[in-house]
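Two complexes, one shared chain (subunit A), two partners (subunit B, subunit C).
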Partner chain A sequence: MQPEATKTRRLSRFDYREVRAALLLCAPTAVLMLALLVLPTLAVFALSFTDAELGVPGFQFLGFGAYADLFADKGFIRAFRNTTVYVALVAPASVIIGLVLALLIESEVRGRAFFRSVYFLPVVSLTVAMASVWQYLMHPSFGPMNLVLQRFGLPSINWLGSSDNVLIALALIGIWQALGFNLVLFLAGLTSINRDLYAAAEMDGVRSAWSRFWTVTWPMLGPTTLFVVTITMINAVKVFETVATLTQGGPSKASEVLLYTIYKEGFVYLHIGVASAMAVVFVAVLLVLLLIQTKVLEKQVHYT
Partner chain B sequence: MMTPSSPLVRLVRLGVLAFGAAIILFPYVFMISASLKPPEDVFSASLSLWPEHFSAYENYSKALTRIPMLRILLNGALVCTAIVIFQILFALPAAYALAKLRFPGRGLLFGLVMLGLLVPIHAISIPLYAAAQISGLLNTLAVLVIPFTLSVFAMFLFRQFIKAMPDELIHAARMDGLSEAAIVWRIILPNAWPAASAFAIFSVVAHWNDLYWPLITISKTQLATPPLGLLFFRSAEVGDDYGALMAATLIVTLPLILFFLFAQKLFIEGVTMTGLKG
Partner chain C sequence: MAPALALKHVSKAFGPQSVLRDVSIEAEAGEFIALVGPSGCGKSTLLRIAAGLERADMGQVSLAGTDVTETRAADRDMAMVFQSYALYPHLTARQNIALPLAMRRLSALERLPLMGRLTPAARAKYASIMADVERTADALRITELLDRKPGEMSGGQRQRVALGRAIVRRPKAFLMDEPLSNLDAALRVHMRAEIVSLHRAAGVVTFYVTHDQEEALGMADRVAVMIGGRILQIASPEVIYKDPEHIDVASFIGSPKINLLSGKIVQGGSLFHAGRNLFSGFGGPEREVSIGIRPEHLFLSSEAHEGSIPLFLERLEFLGFEVIAHLKDQIDGRALIARLEPDYASDFSGANELFASAADHQMMVFETDGSRVRAMVSDAHEAASYAA
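Then we have the complex of A and B:
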């Protein structure tokens, strides 16, 4: 009798008309979700354990062996390492420069709107288009960047054409593009800091701008900073457009990154099994970044 | 902040900001300059921005004719508009139900929203491509829209926004005899307008820029979106005709930049609300 009673009480938590309305409102989205998200995700997961190739009938089930193969694959390891290097170059630089510029803009009365708009321009510029512009700027013989270096008596740099420099060159483009986005988020975080805190800090003997930053701004900006850091890393892990436009993974695979490798395996070589396993690892990387974000955000002391 | 800065401090500060702005603008300046120059001027390895011989007409007419440029821009606008409309149409009712109604399966649905936030299109593009191929949708504008009609991000954002709305608003509407669907479109949508417009900006920037999915599903120049069209332009290019390439990049970059310059407030609010580019 007991479970029966609980069940009735549980059902009575819902109002029949409300449930009917909710299910009707959610039905179209639920169908889309099944078709565009749930089934494809399950399919990728299932494919990732196989050696399936498009256009080749029949495939073998490899189980976790597929993943063992993947992590033994030099090409994949290289893509993983290149992506890590790219993220390690783009994320800290674009976050720190974004923060410094936001602080400068915030403390300056003049030209706030102007500077914000200028720094934001790359965010709203077509990535493939701006990548083409950077290709011209970085051209080894007549590119303006090398011409400027020569003007200062410095040696020319083979930006995109040398396997030593290509990731740095791509990272420069990535930083240039992510900067304004981070800056705008930091500006929003800065304006939400209670002005009274600065007055209180001054009463407590915090005089210099430097110590004001470390006693008030930096701790109050904590949640914003964490959000900016993780979103920049997530976006950097997804680097694709610049690589597809400028280097196609070259020279000598020095700019093979995760998404570009997945694209090539899946849609050029048609190795859909391998590409699916790579996609699962790719999502796992994103999951780790998101978990860091939520875990740290939970621990973060909220001052406001 | 508290105490007004000394003139020297301000001079240094403005100097740093101006230097940074110059670096940000550097590519745009050279893009415009090169788009006016003939190849000899581009190859001449001079830093002068003003062309010695004007070649603007040749460059821009190449940019407009080598690929069907206007058609490509139109494709981009159509695809982005259709995507935004469908996304809001599907997401808003579900978000309202998630935020304000109690029903079995609500937890599951919200769990799927979180799953969707984690899994980007790139990761599930293989089955989606297979489905598009089987249904004969490759090389259609529809294939550029359909996978994006579901936006779990919109659902998440709208749910947060609607949750903060007072329940009395909805109770009053029910008292007036409005159906739940009518509540969504006549009460919730007008009140969720800030979230909807922020999301629209986010969505347009993301899909105007997207190369991955069009690259996979579209091989006809006529159906390309601006990023893919530019790739077609680049591969149709013989040699290093940077003047024409820069003219083409300027043409495809300009629409969104103009939109931004006219609606800056909307963009900035959009970024701070959505954390753009999910």
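Then we have the complex of A and C:
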């Protein structure tokens, strides 16, 4: 018994030193993560149950009542609905147009690098700077977009100034922004498809480009498409810059979106409690989108 | 009768790189032809041109007497098996095998997911497709795999499904592009036999591309040896091995490689190697030649004979059923290899110096341009040996 006991003790002393070294090595990262990520998140979560206001001493604990208030707030519901409409316009359009353009560019060797760069430009340009260009393009009286409409005898559209059109106008800009990124991702996905599959499809009697797309390209692009859809939706949910620079949520709150509303509550009206509750809802929406990707759809696009 | 599959004067270049130079090949109905050659010899390109997946710059492809040079692959009615299997990963084995039938027998409308089973006519077609798939799966013994996707199968199983997809619609020709290269050695030997028997059962002309000479010799009715974008020889496996027309064919086919000795034909038609007269009967002027002797035809002895070549024995390699002797020519220092029976090899185990000779008709003489040159005497010998 004696030797075995010593052995155990020696091992445990060794273990202890191992554990201490491991903890020491993890400590800087752990502390930083705690201070910069976990604590602020928890603070936001805690504040979301209160009516805290910046500069006002003391606050009341409202519990889930804070969330009840939030969902009873017409402004928030409106922002939620506007964001949903915006995502529903931007995500499908930029994914489908991105895919179609990628297929066109892929089918022709000449000019591939040129078109790829051109469509990618909006991704790397500053949205705030580009917003002024869009403001000009969409100007109701001398904007080129309306001049084109007039040329074809169509009525002018008050793009950003009418509550009926403003979300569509913002969505157009959103599509323009997301397109290049989606296109580049689809191009990468297309080049990774095994060429033998197209040869096999041809031998199997797949004649039209249409059948070839549905037999080979679309199924093989599954993982890419899923990734593109998720990224596009998350980015669309986070729309902020164009709203802040072009419309400030107007006219008459027709372009209030989640992130802009959070910003206004938190940084303009200094309603920290309300802004925190909105932020929690916002993060929950993003998490649900991510969960749908990882848990549900992943299984359907990876064939192994 | 017109050949079942023929390529005539086919040339192809990729940019400045010429991959096929005036290649012609004709296959009889039901024939199994192996295209064998080192990588980059153009054999896969030739197959893809036969399939219609690649356009030839010049030349003609005909299938059962019909010129199909301008016909696209989908309309040529040939089936191809790929090295990568090229199965559709999102479809089950059943759907993979059914796809070529569905593309040919069903209309675009009937192929839509649910529409296909609406009308009685479509239902009947669908049932016949499924029956054909079952029958093919039965022949390949993959019935229990039918509802699995390729990702859930082993390499050998995928290869069977790929074969199933090729044979299910009874095409006019099979084209196989190194179908066994991705399998492990044991399975490869097994699948060789399987493919040969499938081919016999189907009786369809087959082009089989491989870089493995054993596969080519073991499976094919005729072997086409391709090197540098040309078919150097096309003949039965036996003739390819025993009677190569070109030095590159002789050195590509056979393992260990054929021994090549430097030789000289002198005025009067005698063949010399290192000052020794080997045999006579050649025509033409005095010139340098190469002499090829297969390792199993090199006869070793510890004593010198007339015309025998003095060698140093470097090493004996014991392989069980045979012994490989690594030798060096005493005069020009060239490495030679001889294949010996194990019993007989033990006589040499302590030896340092040996003498090699070979029967006249087993020495193949090649000109410096690689073409074969035959001696009158040697020809007579050969004829006699074949007759016997």
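In the analysis below, the second predicted complex is superposed on the first by the 273 of 304 C-alpha atoms of A that agree within 3 Å, B and C clash if a C-alpha of one lies under 4 Å from a C-alpha of the other, contacts with A are read in each partner's own complex, and residues count from 1 in each chain.
Simple rule for what comes next: a contact is a pair of C-beta atoms (placed from the backbone, for glycine too) under 8 Å apart; a residue touches a chain by one contact, two chains touch by 3 or more.
Bear in mind the structure is a predicted one, so any value in this text is a computation, not a measurement.
Taken together through their common subunit A, the two structures put subunit B and subunit C side by side without a clash. Here subunit B and subunit C are compared by how many residues of subunit A each touches, and B touches more.
Contacts of A:56 after superposition on the shared chain: neither subunit B nor subunit C is touched.
Contacts of A:202 after superposition: both subunit B and subunit C are touched. In the superposition on chain A, A:136 makes contact with subunit B only, while subunit C stays out of contact range. In the superposition on chain A, A:144 contacts subunit B only, with no contact to subunit C. Contact with subunit C, but none with subunit B, is seen for A:194 once the two complexes are overlaid on the shared chain.
Of the two partner chains placed around the shared chain by superposition, subunit C is the only one that A:215 touches, whereas subunit B remains out of contact.
Superposing the two structures on chain A brings subunit B to within 7 Å of subunit C, judged by their nearest Cα atoms. Residues 199, 202 of subunit A are contacted both by subunit B in one complex and by subunit C in the other. Contacts from subunit A toward subunit C in the complex involve residues 194, 196-197, 199-200, 202-207, 211, 215-216, 219-220, 222, 303-304. Contact residues of subunit B toward subunit A in the complex are 1-2, 5, 10, 13-14, 16-17, 20-21, 23-28, 30-31, 34, 42-47, 90-91, 93-94, 96-98, 101-106, 109, 112, 115-120, 122-129, 131, 146-147, 149-150, 152, 155, 179-181, 184, 205, 208-209, 211-212, 215-216, 226-227, 230-231, 234, 240, 242, 245-246, 248-250, 252-253, 256-257, 259-261, 264, 267-268, 271-272, 275-277.
Of all residues in subunit A, those touching subunit B in their complex are 13-15, 18-19, 21-26, 28-30, 32-33, 36-41, 43-44, 47, 97, 101, 104-108, 110-111, 113, 115-130, 132-134, 136-137, 139, 141-142, 144, 147-148, 151, 176, 179-181, 184-185, 188, 198-199, 202, 209, 212, 227, 231, 235, 238, 240-241, 244-245, 259, 262-263, 266-267, 272, 275-276, 279-280, 282-283, 286-287, 290. Across the interface of their complex, subunit A is touched by residues 48, 51-53, 72-75, 78-80, 82-84, 86-90, 99-100, 103-104, 108, 111, 149-152, 165 of subunit C.
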